[in-house]
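Chain lettering (A, B and C) follows the sequence in which the chains are written, and residue indices restart at 1 in each chain.
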Amino acid sequence: MRASRRVTITASVLLLGCMLGSAVLLHRVDQVRTGATLQEILYITSPNVLKRMSLGYEGLLADVYWTRAVQYFGRKHMAYSQHYDLLAPLLEITTALDPHLVVAYQFGASFLAPHPPNGAGMPERAIHLMEYGIQNNPDDWKLYYNLGFIYYMDKKDYASAAEVFERGTKVANAHPFMKILAAQMAQHAGDLQTARMLWLATYQTTQEKQIRANAVAHLRALQVDEDVMHLQDAVTQYGRRTGHLPSSMSSLVAAGMLRGIPVDPDGHPYKLMPDGRIEVRQPDDFPFIEKGMPLGYKPPAKPKFKSLE
Amino acid sequence: MAAIEIIGLEKTYSVGFWRKRPKRALLPLQLAVEEGEIFGFLGPNGAGKTTTLKLLMGLVFPTSGSARILGMEWSDPRVKAQIGFLPEQPYFYDYLTARELLEYYAQLSGVPAKDRRPRVEAVLHRVGLPDVGGVQLRKFSKGMLQRVGIAQAILHEPRVVFLDEPMSGLDPMGRREVRDLMEQLKHEGKTVFFSTHILADAEALCDRVAIIHLGELRGVGVVADLTSSVHGRVEMVWQGTVVPLSIRALGAECHVTGDTVRAVLAEENQDAAIETLRREHLRLISVIPVRASLEDYFVQKLKPEEKMAGVTA
Amino acid sequence: MSGRIVHIASNTFREAVRDRVLYNLIAFALLLSGAAILVGQISIDIEKLVVINLGLTAVSLFGVVIAIFIGIGLVSKEIEKRTLYTVLSRPVRRWEFIVGKFFGLAGTLVVNTFFMAIGVFGALLYVAHRFNKPDAWVLVALYFIILQFLMICALGLLFSSFSSPLLSAVFAFALFVIGSFAEDLRGFAAMAHGVSRWLATGAAYLVPNFSALNVISSVAHEQAVSGQLIWYNTGYALLYAAMALCGAVLIFEHRDLK
């Protein structure tokens, strides 16, 4: 081969340079367009029109919209957004294009109903989405579970939750805990244990990363809440027995009220405040806790999610 | 200085899509062509003539070896302004007229703008197409395209002209014109390197020839030198229908036509045959030497199995 | 050297014109005038929207089809018909040939798009009776469409430099479709893990990204296009086209023209 070496070298260098440059610029373009992109996508909001435009490739288009929904929520959630206006239409389009995409319904159950910044704050639309899902997949017990979950967690409507769980137990192959949940609703609604069971079930019934991370965060928060309640009891008991507040955790241990210095799920010891309150050392690491926060605590602009690994 | 100097030029193609097999199109070739000569590059179809020309034109890259044209490396861009090339069975942009095509090529060859028009007109005249300059090439016959091809090869007045099978597709008149044109180029001091599988053309034109077969050079030299090694024959014609037995015994091929006999026999038996005719009182009409042609050279030099290969290739 | 590129480019343009490529303008004109008349009678509110959407989409699709069908033949056809032999045996470098071909095809498309643009604005005037300020964004959309054409031309040339026209057409169309979903492709890539994530991200950045160059619907809704986007898109499209051209040059430069 004796092609001109100069041309070869020049072209190779230029090629690499252009490749690099185009990637950089593409990245910039993405930054300029984050908001605009989805706005444009949703110029066509009618699933029926989209179905026709997909020329029979609805499955593929559903996958595309599903990815868009996940990306949309993920990006906004990272930014601690208060508005998730496009999540509902994106999920509705996804499920209209592919009514059997169960993970999309599960995603909706987890993130459509809760209040911002943890979700879109649209429990009604979430319920509507789940009913549509059940209508199309009546044999999937997970959907009943997810619908009951919304009623329980977001609507605090335990009667409806019980009814949905009950409906779910009738499905063939339904997980046995559906029966337990249905029973639990009547007696133990509002219990930490019930909540823990629900979140655990959510975690176990999906592979979707964001849903699982969300469930883990809730389970960790429940653990903290339970620990703090337990410790607070110990402090109260100590006070009742000795007439003064414990000076430190070790005095609680010494008094035989605790088996050891208690630690939170991250291994940090809980703090005993001078006024006898129990506090978490790193409240920012537990976005959903209801107990153990310092006085006047405000959640950070960017909530932290521990990864599953 | 040699106009073309080929130094061990070699080309091996790899053929096949999945499992590549090497196919040797040209074995290392050593050849020099002097300035101002008409050089014939001869060989049967598929011998490697076109491969050699493509290598010289930089259309394919050699596996090894190199070549110098007018003292410059073949890959030197400056060479290209000094050479003209007519490919085998040329085909041109058929949406252009002959005049447009030649003007385009003149532009690419760097002919100054003011010279282009006259140059194109002159060359159209020269190849015998003065009246069809404005006709689209898609309406041209094969012979006319060949003429356009020759026109584009000499358009920019190159010092060395490479012609791949320049006579193919031409009628006898056309062949004659192309021969004359090549002679003219020689008179203008240009070097002409042309390939052909037609021996008569080479014999009539070439100062020297090279013979190539199956990618290998088989001989280079002046045509007469090459053919002298092949024994000559004579053709004798006499009146009557009698063929003396002693002439037959000399190994002559005899044909009786009307009232004459035509016999072809080896040159060394000529005297014996004439003696016989005189004895038999037969009237001799003519004795013409049949000069050994390149064809005889081919027939005698190429081994039988190679001839087959040459035919099927 | 630049002279030869110009000559090759203008000959490429001449070839396209003589091969009656610009006849597509007739089909385009019929489509657009038919639509303008029909829409004008049917709906009052969205007639402008429809004309812009339909017009720009047609400009884009017609051009893409032309770019691909001419682009894929630019080099391979010249090799197949052996017209290249008499070009490359002149003082024309191989890279000049590629670059000249690119500019010739790009020029053809620019001229074609220019006439189509006149048609779109004509139809717009017909349905709206006057131009508004936001109509200027239609020009930006057209500019982006031309940028797309440049990328597709270069890609067509790239494929043409090593593959048969049929395969090249398949490749180019596939890339056009993939490129239109490139943002989603990057979305998919972001959801993968480990090595596959790297590979997918690499691939997503390597395929042409047409989504950002398609502002037809936002322009139809009279939305502004940010100046930043115009700059970045220009840079991106030019660099991408240059990259594909360099690839074509590299391949062609080493190719045996059998």
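Following the convention adopted for this analysis, a contact is a pair of C-beta atoms (placed from the backbone, for glycine too) under 8 Å apart; a residue touches a chain by one contact, two chains touch by 3 or more.
Only a predicted model underlies this, so the values are computations on that prediction, with no experimental measurement involved.
Nearest to the global CA centroid, when each chain is reduced to the mean of its CA atoms, is chain C. When you average the Cα atoms of each chain and compare centres, the chain farthest from subunit A turns out to be B. If each chain is reduced to the centroid of its CA atoms, subunit B and subunit C end up 48 Å from each other.
Averaged C-alpha coordinates put the centre of subunit A at 83 Å from the centre of subunit B.
One finds 43 Å separating the Cα centroids of subunit A and subunit C. Residue positions of subunit B touching 2 or more other chains: 61. Multi-chain contact residues of subunit C (touching two or more other chains) are listed as 93, 254.
Subunit A has residues 1, 3-4 in contact with two or more other chains.
The touching residues of subunit B, when paired with subunit C in their complex, are 13, 54, 57-61, 77-78, 80-81, 83-85, 87, 89-93, 95-96, 104-105, 107-110, 149, 152-153, 156, 162.
Within the complex, the subunit C residues that touch subunit B are 3-4, 7-8, 11, 14-15, 18-19, 81-93, 254, 256-258. Interface residues of subunit A facing subunit C in the complex, by the touch rule stated above, are 1, 3-4, 7-8, 11-12, 14-15, 18-19, 21-23, 25-26, 28-30, 32-33, 36-37, 39-40, 43, 64, 67-68, 70-71, 209. By the touch rule above, subunit C contacts subunit A in their complex via residues 93-95, 181, 183-184, 186-188, 190-191, 205-206, 209, 211-212, 215, 217-218, 221, 226, 228-229, 232-233, 235-236, 239-240, 242-243, 246-247, 249-250, 253-254.
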